[in-house]
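These notes open a run of structures that come right after.
You will see two complexes here that share subunit A, one where it goes with subunit B and one where it goes with subunit C.
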Partner chain A sequence: MTLVSSRGSRVVMCAATVLLGALHPLALVAQDPDPLSRLDSQTRFTVEIIIDSARVAGVPTRPLLLKALEGSAKHADVKRIIAAVRSQFHGELDVRVALGSTLNESEWMAAVSALQAGVPLEALAKFRGERTGKPFTRALVVLTDLIQRGVPVQEASSAIMQLWQRGAADGDFYGLWKNVEQDIISGQNPGTALQQRMREVPVHVAPGSKLPASQEPDNPSS
Partner chain B sequence: MTELKATIAALTFVLLAPNGALAQIASKVEAGSVMTQQEGELPASAFSVSPGIRVDLPYFALTAKGSAWLTGQQWQIADGTISGSLLSPVYNHLRAEVIGNASRAFFDQSLENDQVDAQARLHMLFSQNSGIWVGGGVARPWRIAVVSAVDVTGGGAWTRLGNAMLSGTYTSFFFTKVAATRDSSGTTQSCGTHNDPLSLSSTGESSLSSSSTASSATDCRRQSRFSDVEGSVNWTYGFLELTGQAGYRFGDSYDVTPDSRRWAAGTAVLWITNRVAAVIGGGRVPANPSRGLPARNFANFGMMLSTSSIPRTTVPVAPRTLAAVRDFEVRPLATGTQKITVRVGGVETVEVMGDFSDWAPLLLMRRGRDMWDITLPVTTGVHEINLRLDGGPWLAPPGLPTRRDSFNGDVGLLVVP
Partner chain C sequence: MTDPELDPYVEWMAREAKRPVAVDAMAVERVMARVRLEARPTARPQRWRWFVEPRALPLSPLVGGALAAGLIGIGAFLGHFSIDRGGHTPTGRSDTVAAPRPPLASVHDTVIKFVLVAPHASTVAVVGDFNNWDAQATPMTRTPTGGTWSVAIPLRPGRHVYAFVVNGANGTTQWVADPTAPLAPEDGLGAPNSVVLVGGSAS
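And now, the complex of A and B:
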């Protein structure tokens, strides 16, 4: 009887272990072998055509797939999903023109987001012109958010570019965004909030680098 | 011995395991002292242990709870309830719900009975923070002097005001019971046209005396009807949760005893840690004529070990806005793994999705009263992420930069360094 009970307990424990292992959260995010199977046939067909076009054009295809899956998860209708995927594709083509094609996945995503938020192509292209290996992902993420919160595109683009040229670190961009966000929530004009908070961002100038006169930091006491 | 250990291990897992991955599981064990007093009796006190567990799936919830009292040297089951609730998706602000309950009350040998009941409700939700419902159902008690099913109809309204949840309900009960020919004030009543004279068999089972019309009979079958109006408030402030309710019963003196006209009760829960709380409460519980349970005063205090408070309200599940999220944090664990922690109270489910999950929703696990988390493989770089509470709309988590998502919403932009 004891033997049976012990064996039974072991079986229960083994089963519980297997069950817990199977239900471990990391097990739940295993990649779907065919994520497009979540789309209906009509959407899938069109998305596959756009993905093929992206492959031929040499721009990333995964963001297109993800955009379709996002639309599906949010129960968007077919037309909207296809429009979103197409817009993402065109955004990538524009980013390639502005920044080249040697971007990593995050840079692609941040740049397309900035373009879709309204950043002009020429403003985006300045990041390539100034590119010296400095990451610009965080800068573009903050730029996108600021525009969405109502900061005029021109002001936001110019301020973020200025900071980036000054060598602002990721933490500086995050700190600026956090402060401006709080000011906007408090009721301040978005453009004014950005201008005021810009003065508080510390300047990081690498030895030997020079700043254009027009980009010297403002004197807070003036 | 092995069986005992296995049982203890299984019980510990069921009661204290913070969650399941596919279903949200909340559990608690409350232990302490409870004192009760019925009309005309001396107060009685006992040590009480009350476990409870709630399993939530997107459209189904299962709750089991009960309590056992230690009086003298003997344990007795005081009550136990198992409830299931099936919810439809929200469509045009409307949501249907079907509820089934089975319960047992066992105060002593003379007050032992069971009941099964089923209800259907139609909820209307307004702007995610308030709603109304109407519904009806039927309950069937056993082993008491109620000789018909109990028709239950009613409605209610609820709203959230800041950290407080207010609700009001109106519930009407209608059933046939075996009643004395004297009402609660002692006045002799005729069985009348609505009442059928009754004789009791030697076994105590009621049986209709079809030929008798004797007005001198001591018991009647009588149609009973009364209505309860009850208001409740649940207020959370930091580590303190206060719950209070008060009610009034409408009905004639045959159906409503004076001690059950009005009642009020309150409970305070003070969270000492995320899983341990001190509980103190007291008040008056009205009689339950359909189950033969008398009105009583009660007071209780004790400790609660819990993964979360198990909701006691009749308020339906409703989507909440992210304004309720007090904290959203992403922290690296092992290489390529991030732990997402959300602090939000008063919700049943928290989910995230993003490009890292191929936009498949992932359920966070409850880690205490208001703490939820999930550990995910998220690579370095920019990721888009959405969060939702209680099956509501997908929104950008607070504290993250956002962007429009092409689908009339926003996504958060999570930068993993």
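And now, the complex of A and C:
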């Protein structure tokens, strides 16, 4: 169909077509500014390679990008930023081995943090076996924090897994964390504080579920 | 020639035209057979002729310009919706690194209030994955009564990592973890972070 009849109109239509073609990608760019522009070219190049590798591996890429942006915001040097992004990537790969790839992003990142805090891969993998369909993000966040505050890794991992097996709710984990934190601030030994506060956490057992051997009902400490 | 002179010729031509033509008996049959051999014209070209037939539409430069602006608007509109809120294309994979967008408020968001006591600070901001670690994105405001700084922002359900950037009156800048929240592990970037879980079971 010929839409134009005069030379002026034809010129306008040609210009419109060219503009439309040119502005469509520009509109995309305007809404999606280059997130890595904050990085220098060397850092950027390496981070992009890591992100591409993560994409190919099928693990989340967003946390890697955020880690690079965090490093840039904190004015960390190139080596540190790349090391942090690489550590995050390797953590994600390890989490996939331990817990599978059906996690949501929060679970995934909480698990990476737990690994970075020093939780062994085998201890983390137990959450997969005990998985009840309930997200374990809060359990892992509390576990990571306890380790950060000085509770030995083995004790913290064992205590949190015990609570998880008991069917502890989010509120139980939060309450435990709050109390232990207060005790540590008051000067108590972190490991001791955890052991004492563990006794106060109520037992929630779903009908038909099996308690771990150390938590059988005839155990007075439960 | 004049009309009276033309009349005999006209009458002759009319007579000749009206004279029946003698045809043989099979002529009609032959013509009809030939017609049947021809492909029947389809109705479609007739139906679509209006759309495909070239025509001229007079357009002034002003109308042409308005039409062009409309087309550009449609292009920008489609461009806006061809990428999702997470900065990814709808295919789930982008060939370039896309910015994780700071979350826009939605019905699933929960407003979280961040509070920090920093009486000697000149400015304080909360920085985290929810604002792409942009120290200028979320400044906190000082309460009228004292040195407490706060800001309330909507966050999506899930786990968020953040810290406070405290600018002192003497020009120093310090990254500070939230003393009332769980700690994130040391990541080698030089300043500790905190974790906030939003939503039931922090899904």
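List of remarks:
Quick note on the criterion: the second predicted complex is superposed on the first by the 183 of 222 C-alpha atoms of A that agree within 3 Å, B and C clash if a C-alpha of one lies under 4 Å from a C-alpha of the other, contacts with A are read in each partner's own complex, and residues count from 1 in each chain.
Keep in mind that, in the parts below, a residue touches a chain if its C-beta (ideal position, glycine included) is under 8 Å from a C-beta of that chain, and two chains touch if they have at least 3 such contacts.
For clarity, every value in this text was computed on a predicted model and none was experimentally measured.
When the two complexes are overlaid on their common chain A, residue A:M161 makes contact with neither subunit B nor subunit C. Within the superposed three-chain model, A:L194 lies out of touch with both subunit B and subunit C [touch as defined at top]. Of the two partner chains, neither subunit B nor subunit C is touched by A:L99.
Note on subunit A: of its two partners subunit C and subunit B, the one contacting more of its residues is C. After overlaying the two complexes on the shared chain, residue contacts for A:L36 are found with subunit C alone; subunit B is out of touch.
By the touch criterion defined above, A:E48 lies against subunit C but remains apart from subunit B after alignment on the C-alpha atoms of chain A. When the two structures are aligned on the shared chain, A:K134 is found in touch with subunit C, with no touch to subunit B.
Of the two partner chains, neither subunit B nor subunit C is touched by A:L124. With the contact threshold set out at the top, residues 2, 5-6, 8-9, 12-13, 16, 23-25, 27-28, 31-32, 35, 63, 66-67, 69-74, 76, 80, 83-84, 87-88, 104-106, 109-110, 113, 116-117, 137-138, 141-142, 144-145, 148, 170, 177 of subunit A are in contact with subunit B in one structure and with subunit C in the other.
Interface of subunit A with subunit B (complex): residues 2, 5-6, 8-9, 12-13, 16, 23-29, 31-32, 35, 63, 66-67, 69-74, 76, 80, 83-84, 87-88, 104-106, 109-110, 113, 116-117, 137-138, 141-142, 144-145, 148, 170, 177. Those residues of subunit A lying in contact with subunit C across their complex are 1-6, 8-9, 12-13, 15-16, 19-20, 23-25, 27-28, 31-36, 48, 51, 55, 61-63, 65-67, 69-74, 76, 80-81, 83-84, 87-88, 104-106, 109-110, 113-114, 116-117, 134-135, 137-138, 141-142, 144-145, 147-149, 170, 177. Listed in rising order, the residues of subunit C touching subunit A in the complex are 51-52, 54-61, 63-65, 67-69, 71-72, 75-76, 78-80, 82-83, 86-87, 93, 97-100, 127, 129, 132-135, 158-159, 161, 175, 182-191, 193, 195, 197, 200-203. Taken in their complex, subunit B has these residues touching subunit A: 2-3, 5-6, 10, 13, 20-22, 337, 353, 355-362, 365, 374-377, 380-382, 384, 394, 401-407, 409-411, 413, 415, 417.
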